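Here subunit A shows up in two complexes: once beside subunit B, once beside subunit C.
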Partner chain A sequence: MQLTVDKQPQATIVAASGKLDAAGAPELETRCKALIQEGSNRLLLDFAQVEYVSSAGLRSLLVLAKAVKSAGGGLALCGLVPTVRDVMTISGFDNILPLAADRAAALELLK
Partner chain B sequence: MLAWSMTNDSADLARVLDEVDERLAPLPLSPKRKYAVRLALDELLSNVIHHAYDDAAVHRIDLQLEPGEPFFLTIADDGKPFDPTADAPPPVLDGPVEDRPIGGLGLHLLAQMGMRLSYRREAGRNLVRVDFPEA
Partner chain C sequence: MKLLTWYRRQPVRRKIFIPFFAITLFSSTIFTVYGFIQNVRAIENEIDKRLLIAALTMPQLLPPDYFDRVQTPDSITEEEHWNNTRRLEIFLSNVGGTYLYALHQVSNRYYFVASAALDTPYWTEYEKPAPNIYEVQKTWEPNISTTPDPDYGLLRSVVMGHKDAAGRRFIIGADIHAYEVEALKRRAFLNFFLMGFASFLLAVIFSYAASCSITRPLNRLSTFTRRLVEGGFSADIRLDAAMFPDGNQTRAETAILAYDFDQMQANLAEHIEQLKLTQSARERAESELRIAGQIQETFLPGPFTPAEFGGRVQLQAAMKTAKQAGGDLFDYFALDDAHLFFAIGDVSGKGMPAAMFMSAVVVLLRSAAKQWRDPAEILRRVNDDLAIRNESCTFVTLFVGILDVRTGEIVFANGGHNPPRLRSAAGAVAAVPTKTNMVVGAMEGQTFVRETLALRPGDVLALYTDGVTEAFNEADQLYGEARLDRCLGALPAEATAAEILRGVVADVAAFAGAREQSDDITMLVLRCCEPAGAKTT
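Then we have the complex of A and B:
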C-alpha cells in the first residue's frame, strides 16, 4: 500500500494506492493515526488507486472513523472503483463513512 | 480445475493470492468475479491461518478452483473442526460508529456478495466449498 499525504487547510488528504488487506490495512491505520495525533482530525481518503478492500481493510476504516470522531473531526472517502464501492455498500459501511465521487465533493462533506 | 497448495502462513497466502490473480487474469471473467475469488480466498484462508491451529507446526492447505460453470472453489485444511456456515459470529452493523464491534465481517461479506458456502469434515480435514453467483 502506497500512501501520499497532502495537508490542506480544510482536511488532510491521504491518497492510497494498492490493496487494503491484512498487509495494507495496518499501514493505512498507523499512518492515519499518527496524522490524527498531530492534529489532523479531518481526513479525506482518496481511494481512486485502491483496487481491493477486504474485511481487514474495513476493520481499519472503522478504527479510523472512531478515532477521528473522538478527536472531534470527520473522515470521508472519495474516488472508489466500482468493485470497492460494492464492498462498502454491501457491508453497510456507506452508512458510517461518507463516500464522495471526487475530492471536491468529499471536502464539502467534511466542512 | 486449477490447484494450489500453501502453508498456514500469511506470507504464503499473499503469494498464492497473487498467483491466483495471475492465472485468472487472461480468463474472460468480470472484474466483480475476480474480486470475489480473491476475497473468498483471503477471508477464508486468513481465518484458517489465524484460528485453525493450536500448535506452531507447518500445515498444508489445499485449494482448487473450477473456473467453468458451475464456478466454485474448495479449501481443505487439517485444522480444528470449524464450520463457517454455522459457527461464525454474526456481525453487528447497526448503531453509531463508536458502538460497533470490530471484526466478524469476512464471512458476512461473502454471504452478502451472493457466495454460497458448504462444509463437511472428512478424514480429519475441513472441506469448504464456495459457489459463486452467476457472473
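Then we have the complex of A and C:
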C-alpha cells in the first residue's frame, strides 16, 4: 500500500495505491489517523489506484469515517475501480461513505 | 614457491619460530666463523711473536763470548755445551716452542753449535737444511715462514742472523711443529663452536618460548571457542579472567582479543537468551492462535444428517482456515420439523480479534434465530447487540436464511455479504439478486430487508465467503465470480451437495497452486431434492 498525501485548503487528499487488505489497512488507518490528529478533519481518499479492498480494509474505512465524524469533518472516496465499487455496494458501505467519480465531485461532497 | 605454500599452512607458532630459527642459525654461524678466523690470526701472531722473542733472546742466554769461541768441532767442551743446552731447553719450554738452535756454516755445510734439544751434540751437521736457511742469508733479517723440513716435518719457524765480535754470521732459529699450532687452532675452533652453539641454543629456546607465549592465548581461545560451540553458547562458559588482567586497558593484543572475546561471549549468551524468550513467546502466541482456531471450530455445527427433513434437502458446509485463525463462520440447525435455519458470515480482519468476534456472532445469531424466526429481524438484533460500544469497528457480513423444506421457499436477509450463487436444475448459474444492506455490527440502528427465493427440486444454492472468489494464484490473479460460476455449471446435475462443495474447493485449490491461502475459504451448499417416494407437497 502506497500513500501520497496532498493537503489542500478544502480537504486533505490521500491518494492510495495497491491492496487495501489485512497488510495495507493498518497503514492507511495509521496514516489517516495521524492526519486527523494534525487537524485534517476533511479527508478525501483517492482510490483510483486501489485494486482490491478486503473486509479488513472496510473496517479501516469505517474507523476513519467515525474518526472524522467525531472530529467534526467528513470522509469521501473517489475513483473506485469496478471491483472495489462492487465490494462497497455489497457490504452496504455505499450507504455510509460518500462515493464520487472524481476528485472535483468528491470535494463538492465534502463541502 | 612450494616452500612458501608450505610455510603459509603452518601453525602460527611455527610461523614465528621458523624465521627466528633461521636467523639465529645464520647469525651464530657467521659470528662463530668470523670469531674463529680472528682468533686463528691472533694465535698465529702470538706464536710468531714467541718464536721471534725466543730467537732474539737466545744469544743472551749463552755466555757473552760464546759465538767468538765457536771455531772448530772441539772449541766448546761437551760439558759447557750440555749446560747451555739445559738452559736453552728450560727457556724454550717456558716460552713454548719445539726447537731453538744456532747454526754455523762452514763451506756450504751447516753445523748445530747450540741447541735446546738434548739429542743434538755440539757440531752436529744439519744435513738437509730447510729452504728458509738459504732464504735468510739473502738479507740476514728475521724470516718467518712455514717450512717443510725433510727430517723434522712441517714447522713454523723464525730464522735470523747473528754476528759475533769478528763479524762472522751465525743463523739462529726457533721452530714449532705445525701440528702444535694446528692443535691450538683446533682448541680455539672447539671453543668458538661451543660458544656459538650455546648462544644458538639459547636463542632457539628463547624464540620457542616467545612463539609459545604468543600462541598460547590463541590456543586457549580456540579451545574456548570449541567448548563454546559444544556447550551451545551457554552463558556459564566464560573465559578465564586471568587472560586479560587489565580488561582492555592494555597494549597486549592477545589480552585485548581475549577481553573482546569474553565480552562477545557475554553479549552472545544474552542475545541467545533473548532469542529463546522471543521464540517461546512466538510459539505461545502461535499455539494460542491454534487453540483459538480449535475453539472456533466447536462453535460450528456438526454434520448435517441426510435423514433430516425426510431427505428433502441436502446440506454440506466446510471451512478451510488460512494460516492465521480467521473470522469466517457458518451455522445451520432445524427450527422445527419444516424449517431449516442457515447462515454464513465473514468477520472483518484476521487473527485473535476476528476469532473472538466470530464466537460472539455465532452465539448471538443462534439465540436471535430461535427467538425471532425472521432473517431481517435476526440481523437487526444481532447488529444492535454487536454495534453497541464497538470501538474497534469490527463487523461481520452475514447472509441468513430460513428454508421451508416443504415448499422450497427461502426467506433471507443479506447483511453486506457476497450474494450466493443459484444453480438451477437445468444447470444455469446466477447470483441471487439481493438488496444491499449494511454489514452487521458496524452501526447501530440499521434495518435489513427481508427477501424471498424459491428453490425447486434439483436447484443448488451455494453460499460462500470472499476467501473463495478472492483466492489469488501465483500470477496474483483473483479466482473471481466468473470462475466460480463456470465451476458450478460444469459439475454434474446429479451431484450431491457434498460433491459440489468438494468440486469447488478442489477447483479453487488447483487455481491457487503454490500460492499461500490468505483468507479462510468457507462454503455452504444447499440442494433441494425430490421428496423420497411419492411426490407430495
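To be clear about the criterion, the second predicted complex is superposed on the first by the 111 of 111 C-alpha atoms of A that agree within 3 Å, B and C clash if a C-alpha of one lies under 4 Å from a C-alpha of the other, contacts with A are read in each partner's own complex, and residues count from 1 in each chain.
Just so it is clear, a contact is a pair of C-beta atoms (placed from the backbone, for glycine too) under 8 Å apart; a residue touches a chain by one contact, two chains touch by 3 or more.
As the structure is a prediction and not an experimental result, all values here were calculated from the model.
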Which superposed partner A:C32 touches (first subunit B, second subunit C, both, neither): neither
Subunit B versus subunit C as contact partner of A:L20, first or second or both or neither: neither
Contacts of A:L107 with subunit B and subunit C, given as first, second, both or neither: neither
Touching partner for A:D94 - first (subunit B), second (subunit C), both, neither: second
Which of subunit B and subunit C A:C78 touches, first, second, both or neither: neither
Which superposed partner A:S70 touches (first subunit B, second subunit C, both, neither): first
Partner chain(s) touched by A:A11 [first = subunit B, second = subunit C, both, neither]: neither
Footprint overlap on subunit A, where subunit B in one structure and subunit C in the other make contact: 21-22, 52, 54-56, 58-59, 62-63, 66, 83, 90-92, 95-96
Of subunit B, residues touching subunit A in the complex: 10, 14, 31-32, 35, 38-39, 42-43, 46, 93-94, 97-98, 100, 102-103, 105-106, 108-109, 112-113
Touching residues on subunit C, where the partner in the complex is subunit A: 327, 346-350, 392-395, 397, 415-419, 436-439, 442-443, 466, 470, 478, 518-519
Interface residues, subunit A side, partner subunit B - complex: 21-23, 52, 54-56, 58-59, 62-63, 65-66, 69-70, 82-83, 86-87, 90-92, 95-96
Contact set on subunit A toward subunit C in their complex: 21-22, 52, 54-56, 58-59, 62-63, 66, 83, 89-96
